[in-house]
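One structure, as structure tokens, below. Some questions next.
By letter and in written order, the chains are A, B, C and D; residue numbering begins at 1 in each of them.
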Amino acid sequence: MLDLLKREVCEANLELVKKGVVIYTWGNVSGISSDREFMVIKPSGVPYDGMKPEDMVVLSIGTGKVVEGKWKPSSDTATHLELYRHFDSINAVVHTHSVNAVAFSQAGINIPAVGTTHADYFYGDIPCTRELLVHEVMDNYEANTGKVIIETIEKLGYDPMSIPGIVVRNHGPFTWGSDAANAVHNAVVLEKIAEMDYKTLMLNPSSEMKQYILDKHYMRKHGKNAYYGQ
Amino acid sequence: MLDLLKREVCEANLELVKKGVVIYTWGNVSGISSDREFMVIKPSGVPYDGMKPEDMVVLSIGTGKVVEGKWKPSSDTATHLELYRHFDSINAVVHTHSVNAVAFSQAGINIPAVGTTHADYFYGDIPCTRELLVHEVMDNYEANTGKVIIETIEKLGYDPMSIPGIVVRNHGPFTWGSDAANAVHNAVVLEKIAEMDYKTLMLNPSSEMKQYILDKHYMRKHGKNAYYGQ
Amino acid sequence: MLDLLKREVCEANLELVKKGVVIYTWGNVSGISSDREFMVIKPSGVPYDGMKPEDMVVLSIGTGKVVEGKWKPSSDTATHLELYRHFDSINAVVHTHSVNAVAFSQAGINIPAVGTTHADYFYGDIPCTRELLVHEVMDNYEANTGKVIIETIEKLGYDPMSIPGIVVRNHGPFTWGSDAANAVHNAVVLEKIAEMDYKTLMLNPSSEMKQYILDKHYMRKHGKNAYYGQ
Amino acid sequence: MLDLLKREVCEANLELVKKGVVIYTWGNVSGISSDREFMVIKPSGVPYDGMKPEDMVVLSIGTGKVVEGKWKPSSDTATHLELYRHFDSINAVVHTHSVNAVAFSQAGINIPAVGTTHADYFYGDIPCTRELLVHEVMDNYEANTGKVIIETIEKLGYDPMSIPGIVVRNHGPFTWGSDAANAVHNAVVLEKIAEMDYKTLMLNPSSEMKQYILDKHYMRKHGKNAYYGQ
């Protein structure tokens, strides 16, 4: 079942390696079926080298149980499920431990919207979540990781597709998108922006960008009168 | 029409990827015809992979309208046009989002002339433009990006070919040159210098170079008694 | 003798180069035989290029003497021997001069446990040893390098396999593992974590992670109820 | 004439590119004949791509004139000549603009001996020269670059082969060695050490290494009782 989605998700996992945002087994990509009943995700702790579409694991969004697949699903599965259940607009989720994004998550600092590279993809600062509390870590840790992402987005009150990524405190980046390839694209862009912003903050800790520049760049690409691209 | 220029501009766009100064569609190169009537530029938002000379777009310098091509031109087209209209000595323009140059543009800091690598190519600090005002962003943003580059160069009063690059505040680097390959060369050099200068400023924020060393290195390569090269 | 171990150790040495954690001859891997009587180690100062299993050197753990091999063993041989003699759980040892780990060792700073990437592999800060004293350097320097690693681990009172790496003051990282491939894996991870933590400390010098997050991530992968992987 | 030396010098120039310490034409390697009568050096401003031994230029050490070759010699020729004339132990010279070494030269800071990687190759801090004076730049600039290197070494009173490299203020690194390959090796090592030390100083500006550790590591590899290597 879901052969096309499995191919897309497998391909997207391999793309993480090609783009240099994961080493070893440090990342995972999932996608949701168009009826939003099933999630396809990378297996847990299986090397990328030689990974095939048939290695992907299929789970029910409703029950969270595996419905097909020869491997156990990614240990971050519950985080992905939370995001799909809460946000109807998200069709794919990516998690990596890319260096610069992790640095922001470890430092507990938002990746600030200080340039047009950022504004072309993310309509505002990429938030760093709060630290999880002890009981949130002890029980249902992975689901709570999803919940703290949701809490952060809802408190700030924005559409998750307008800022399709976040850094989880002491952990690392999660991104999402319209499909698996797009979510990986956002993971690569988030890492590149984090690298730019790291150096920017080193050069000038009070760097900032005016709201109207953020508006302009985001809207010329994503607004209703967008004129970027074909 | 302009087959040779299309090949040069296409090749120069691909060279940006090979040199690691762009990922995805984050850059564009244009060139001007020898009669300065037409500009050839990369299409907007089209992947570099598989890009061919016939994908390039031809515009009239006078009217700014597309005169040939199956794609829409780069969204930065109006910036390129401004530069060609104002500076007769510029035959090609490059825009990238290379990491270190962007860091300076986001931090709002000139890339300082503190070494001979810089002096071999750029006769003085590479300026960072002022921030665009709200009305300059709301209307004719891309043309105004070109105008603020021109304003910066004219206020400082130098020949644009003597410092063939600039960083636009909150945006990133633009470079230019005698042809498309040369403008790309300058984009790669500007990025490498930005990387050197980032680390230099981290080690010693008050780093500087004497004017006579700048003069010597620039002139031995570009002055009338130049003796660098064959 | 020990053909399989020689192949594993040779392969692991070559993997250091592929992963970019050594250049030239700047690293060495050893492994111990299952009866813990013999150590197989890379020869001293021999290039990785073209290195073969039969170039490995076999030494007696008991006497520290070479028992087979056409080359002199690594100059760090005595360090490896100390570690095998003292810790029964260590089956392989790796030494590199990878850039970010060396930076911590030169700065005399522990690599702090500030993120889950770290917690997935190392159950606590990766310590930096004290400086060796003059007499420890003048006589039996390499053995004393092993002894200061042991001293550091014993003072802190942890199982060496729970934090399978250390940085030796002014020198660089040593890692170990269940076999040669695992010890190299730990060397690559330690370097990547050091890179993340370097940037983290630059962004926020007081970065830290709660003990319960460290516990959770380490235990979900290495604890008795581990559920990471297959 | 000097076919073997031309091959060695050409190969060493190409190795600079392979090791990532030069881009474009930003470096040069020379070697001296065994009778110390002739220097073979890279031509000026000629791309590395496709460079052949017969492109090398031969000059007389005595007169500084070209005696063979179809190209003009490197613009840094006079610097190389000064070093050969003054130091009998130097058989090859390399100049690059590698990023981290340039950062130290632009910041005007010695590359400090704070680790054993450094101590394995350089017996003390790698000095940064003083700034050249205006008359030293106006007349015979390249020869004066050589003279300030010599002045720095003589003031500090060490054998140039014991610290086979230096950074020239506002310019970049020069290294030397027993032959062209060895001088390139030293250029690559100097750059790697500069990268380590940059990060070390960022983490802890007062990092230092005891003299006895420097002595031990340098001597175990280069002293009369050296025991590193075969």
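What to note about this one:
Note that in this section a contact is a pair of C-beta atoms (placed from the backbone, for glycine too) under 8 Å apart; a residue touches a chain by one contact, two chains touch by 3 or more.
Since the model is a prediction, treat every value here as computed from it, not as a measurement.
For the self-contact between chain A and chain B, the two sides draw on mostly distinct residue numbers; the shared fraction is below half.
Think of chain C turning onto chain D: fitted on CA atoms, that turn is 90 degrees, to the nearest 5.
Averaging C-alpha coordinates per chain places the centre of chain B 33 Å away from that of chain D.
The centroid of the Cα atoms in chain B and the matching centroid in chain C are 46 Å apart.
Shown for chain B are the residues that touch two or more other chains, namely 202.
Contact topology of the protein chains: cyclic, one closed ring where each chain has exactly two touching partners. Chain pairs that touch one another are A-B, A-C, B-D, C-D.
By the touch criterion given at the top, residues 23-24, 26, 43-46, 71-72, 75, 97, 99-100, 102-109, 131-132, 134, 137-138, 141, 170-172, 198, 201-202 of chain B touch chain A in their complex. By the touch rule above, chain C contacts chain A in their complex via residues 114-117, 185, 188-189, 192, 195-197, 199-200, 202-204, 207, 209-210, 212-213, 216, 220, 227-230.
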